[in-house]
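Just so it is clear, A, B, C and D label the chains in written order, and each chain counts residues from 1 on its own.
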Amino acid sequence: MSRRLGVGLLGVGWMGALHTRAYRRLTDHYPELDVRCELVAAADVGESGRRRAVEELGYARAEPDWRAVVDDPDVDVVSVTAPNALHREMALAVLAAGKALWVEKPVGRGLAETAAVAAALGPGAVTAVGFNYRTVPLVEHAGALVAAGALGRITGFRGWFLNDYASNPWGPLNWRFSRDGAGSGALGDLMSHVVDLATALLGPLREVVAVTDVAIARRPYAAGEGEHFATLGPGALEPPGDDVPTGEVENEDSARVLARFASGASGFLEVDRAAVGPHCSLGFEIHGSTGSLSWDFERMNELQLYLADTTGDAGYRRVLARPGHGDYGRFQPGPAISMSYDDLKVIEAARFVGAVLTGDPLAPGLAEALSAARAVDAMERSAASRAWEAVA
Amino acid sequence: MSRRLGVGLLGVGWMGALHTRAYRRLTDHYPELDVRCELVAAADVGESGRRRAVEELGYARAEPDWRAVVDDPDVDVVSVTAPNALHREMALAVLAAGKALWVEKPVGRGLAETAAVAAALGPGAVTAVGFNYRTVPLVEHAGALVAAGALGRITGFRGWFLNDYASNPWGPLNWRFSRDGAGSGALGDLMSHVVDLATALLGPLREVVAVTDVAIARRPYAAGEGEHFATLGPGALEPPGDDVPTGEVENEDSARVLARFASGASGFLEVDRAAVGPHCSLGFEIHGSTGSLSWDFERMNELQLYLADTTGDAGYRRVLARPGHGDYGRFQPGPAISMSYDDLKVIEAARFVGAVLTGDPLAPGLAEALSAARAVDAMERSAASRAWEAVA
Amino acid sequence: MSRRLGVGLLGVGWMGALHTRAYRRLTDHYPELDVRCELVAAADVGESGRRRAVEELGYARAEPDWRAVVDDPDVDVVSVTAPNALHREMALAVLAAGKALWVEKPVGRGLAETAAVAAALGPGAVTAVGFNYRTVPLVEHAGALVAAGALGRITGFRGWFLNDYASNPWGPLNWRFSRDGAGSGALGDLMSHVVDLATALLGPLREVVAVTDVAIARRPYAAGEGEHFATLGPGALEPPGDDVPTGEVENEDSARVLARFASGASGFLEVDRAAVGPHCSLGFEIHGSTGSLSWDFERMNELQLYLADTTGDAGYRRVLARPGHGDYGRFQPGPAISMSYDDLKVIEAARFVGAVLTGDPLAPGLAEALSAARAVDAMERSAASRAWEAVA
Amino acid sequence: MSRRLGVGLLGVGWMGALHTRAYRRLTDHYPELDVRCELVAAADVGESGRRRAVEELGYARAEPDWRAVVDDPDVDVVSVTAPNALHREMALAVLAAGKALWVEKPVGRGLAETAAVAAALGPGAVTAVGFNYRTVPLVEHAGALVAAGALGRITGFRGWFLNDYASNPWGPLNWRFSRDGAGSGALGDLMSHVVDLATALLGPLREVVAVTDVAIARRPYAAGEGEHFATLGPGALEPPGDDVPTGEVENEDSARVLARFASGASGFLEVDRAAVGPHCSLGFEIHGSTGSLSWDFERMNELQLYLADTTGDAGYRRVLARPGHGDYGRFQPGPAISMSYDDLKVIEAARFVGAVLTGDPLAPGLAEALSAARAVDAMERSAASRAWEAVA
């Protein structure tokens, strides 16, 4: 008979819904887990969030105080999907309660907060961190190709996350643009993903030198809730009236980093949250002595792969996802049938829940989050020191 | 309070699972439907299918006899996802029972069977037919662009579905390759999709001239269940031994059609189930007097769009899906975040269930299935007569 | 010491200049021909053409009467690059004079004219016909791959030439749009190229069924010389005033053809001179039992190639031109360095002059032009008869 | 009547032939220059080079001593296309002789040599430097778009030149791999192009931080002449026998640079001569506050352009070259007809000769070569100092 797991959710927004749906879809794609996830309780400070948790997402109840969810004895696993400023405190409480933790990234608003959470990890603690993109089937396949030596010795890397969510200068000055609300800007939000992919694919970074830039120095004060997506596109927000007050953007819109990996490879890492052109372009390009590959989230289900051969017909191949690539076969029965971003969260959930059930180690967890935070911290230090900084 | 709908499922395979998950995910993406789909009963002739229905898919019970599901008074809506040879009989029974019908395509093994079902439609009957691709957000957006005149007067169309599921000559001779099991081959299975998209985008076909071909004339008898996907790719099935008996393929692997639309536009329609190169390439290209566009399922979340202008900088644009394109905004909050094939079934389910609740008309339903069957029938006639045939 | 060849040119326009430059560049790329092409005389009815021939192109003299060039005893080879209506008479005169003939396509305004020229071919006559695209290095490489069986048994073909040169409805009604001036429209001008490529790659066509369309029924009378390129683009011609008289377009803007090859393969052939989107998109796609390939002139220096394998990493490869592909190595020393359209005429010239010097057979010559004209004629007949027509 | 210019050539290799053909083709594409280039004399130390100069390239005579060419009073303009180690001395001699100079890049084996040549420039001296890629029509068009503000304020740049000419570890250790023969490696050979394009498009670099790497530390001693192209591809050079002696590679195979422009924009610059995947991928990507664009030499005749708009249909446009883009209209009459790399040298020659005839200023000349050399020097210094270095 199926084992039961009680789920608690802290923060009911886009990510909270994604976590919840992922728990609910586990059996569809990972029936051998033989688990029944019971949606015990959700917490949100807002009335609408609490109502949504019960009516749409299916939680048995919703609480204004997140501690009530963490402390509920029926809750075994807790998803932390609240705004970044709350991650540390919530994560510490979940660990203190001896429960399994699935926390969205960034775990903290900087290295200190992330390290504090990591320091609280007891033996046997199970933690998963929402670096969504590691589980993309073709990203896992790319990693397998690199590990198997298909590209030879790796010489160069380029990773990027160019997003347009803050490209509209009339988009509101929400918590993402303040030190107190978010810590760093594009570095914490976007670069942490790039670093995590780089590390997963090529191993740890050794040292970095970085520049950061603010493209839009002031933005209008937010009227209500901050919008995540304020793009220079359709339904572009109107320029506010002449007298609309604006405030200072306190963290970087973009960063460019030159890096050296522990393996000796060198590379570039680039992030921008105010890009105009790319919409959600997270990707990487890897060069080796016998081949190259590249991938971009905007074409999540395909990989460009070059393998040297002695014919005149070598060329970058457009490899479409198919069973055999990562967990693709869990979702689609044949090649070239699109998976979704949301499916990635199902894979994440399956690995998290699998680790909870078996005690097996899990990545990316807090160790990986700490590693990414260290790299991001070195980038921030370098932008200030104008020198190479070691990734401790 | 939410309205309750009792769901019955006839046939527990890939499509059966997709319908079921779609019912379950309705509230996530269409909360305003305010419906609670109760999985009452599923039918399958196989023990494993019945077990899966209960244990994985969540039906309250499973039956070996599908009539028991249709007749269950707790069942309000019935999904028909059994092999093609059973569609007609099942659909007729569902309609006779006065229940709402969601049937996979093709509705029949040819025009006669489809017409028989259509003839049984009473007033107020709600039917949905699984032409999955109409609901792709960028397909709907393409249709909106055409309808708004963004391309000017439409002069040319090309539609295709090139699939490699039968590309392996050692793949087993399952029911898809027999007249009795499937009726036509690529015409019924793939061309019906192409015709449906063509019609949705440009209006009805007037006449056609067609050729059909069998690429692999004989295939090994199937040992067990037929595999849907037998590609010339990884894990390619081994050539069977020398003495393995083979049987004749009775229907076409591919078809090529020259067509005239009622609007006056001309075009090509092409299908192949034994393609080697394309994996799941369903798409279309539309040319007009002031622009062109094209789309392919292998890149479901992007559209190529050309709009003439008087600068020297016109060019095909790669438009990525975003909120505002069809129902994309139901699934993703920002641009360029991949939706899945499975999401398309959620959209289908939402429209089906919406029509059940409101009585509003619904497309594609049996009228559209009949229209597609007529076009496919004209193609079959033309391949035999070697003449232009009217799409009656 | 180099052998001398005296060159005569009939018609000084874009193509006349291209032929001339090609003769002049022979030694750069084919030094072993060891030939010295002397530009003896050019003919043009226009004063400006004659002046250009001498001052820019380098002919020793220019004549208003083309017969004076053909009859000049110093002229050994003659390029016919005058408007289509003159091709037949000029070609016959060149052959009657016992001189080598390089004639632009179409050789005649229809099958009868082309056949008349072909009938005049004596033993040992050397003829080249300007099917420019056969000599593209990657087209030749594609042919070599097909011939070597790299794609297995060929099952399907698609060829197209979608050009926007007549896409502007205010473009002038020049000779191209009249039966007397051009014969057929897009069929003679564009389809002859498609047919020639199809035949070169897959062998002869057996039968066809065709539709033709006129997209722009009337156009303004031409004020002066007809413009070849009148696109819906930058510097788009202004709509003429209200009272500008227009005349009827007498031949087709587009054609769509369903074809059966002698080999048994089936396919589509499509041409449009009023396309809006493609600019100069001539290309083909070939499907076989173990692979596929495609090519487009808009990306002349790359080939998309799919070869089945048993890994999960097969995919369309973007093969860039390199030494070893056709005559590419005559022009560039390493891979991926762009060749030009004009270079194709140098290759053509080299093969023509080589055949003149050696007497070796040459293709495409009049035999191939006749073959293409027969196929185009069958298409015209089919558009009228609405029936399959044999390519005699 | 046409003005006459006497041409001298120093070094008869690939580049020497390109310069020569460019002089010969001037009248074809720039008739208004009204110039007659007379190929007076070429110099080469090799017998075969001298023979080729006369027999294939058409020089009146060839000399073993290059000074004889420079000093020939009939020579007005001199092309320097010998190996890099000779550039400085030759260029100084040409300038000292008061003649116009067209020198291939790099002008020197480092900043000192380039500066020495620049210092010798007298008033009125005409110099052109072979930064071939500035004159690509779509590169010029990209520059015009940036200058016109089509992309808004420029925030980011990425430039690259990834070439596989030294990707084969068994390729011979020719002069390119020694400090004495070439100075730096990929920096001088490839990065100088990237810097020149970056500067032409965005203005000068302010400071850089760089890493350099040697991918293949030792290579076999060259048996005869060094091959420029030794790729990991078709006809891949065989591994030499076990006992084949090898020597050390003295300069970098690749470099990665983080840069700050004087304008405030930041960016990446990357070069690799041993890439496996890209063949001749030189390109750039520019991001601004209202749009982005990118271009790559592997698709020389197309530009990717994104311009923000308020519809949901913005997307990267594939703009194909056409008349109106740079000097494209000098070569092709309509859009999307491929130009060649060699055509770029014709444009260069036209601008050089035009400046000689008119005395008008010319770029890129020695000033631009010096600017590029300063940037490359800063990169070399940074790779050694591990610090940001100013581009003096």
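The working rule: a contact is a pair of C-beta atoms (placed from the backbone, for glycine too) under 8 Å apart; a residue touches a chain by one contact, two chains touch by 3 or more.
In this text, all values refer to a predicted model and were calculated from it rather than measured experimentally.
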Relative to chain B, chain with the most remote C-alpha centre: D
Turning angle required so that chain A lies on chain C, C-alpha fit (0 to 180°, nearest 5): 180
Where chain B and chain D are represented by their mean Cα positions, the distance between them in whole Å: 54
Chain A-chain D separation of Cα centroids, rounded to whole Å: 42
Chain A and chain B: spacing of chain centres that average the CA atoms, whole Å: 34
Where chain B touches two or more other chains, by residue: 233-235, 302, 312, 314, 316, 320, 322, 324
In the complex, chain C residues that touch chain B: 151-153, 155-156, 158, 162, 167, 169, 209-211, 213, 215, 232-236, 254, 256-258, 260, 266-268, 270, 272, 274-278, 287-293, 306, 308-312, 314, 316, 386-388
Partner chain B, residues of chain A touching it in the complex: 14, 17, 21, 24-25, 27-28, 31, 55-58, 164-165, 228-229, 231, 233-235, 279-281, 297-302, 320, 322, 324, 331-343
Partner chain C, residues of chain A touching it in the complex: 141, 145, 302-303, 305, 307, 312-320, 322, 324-325
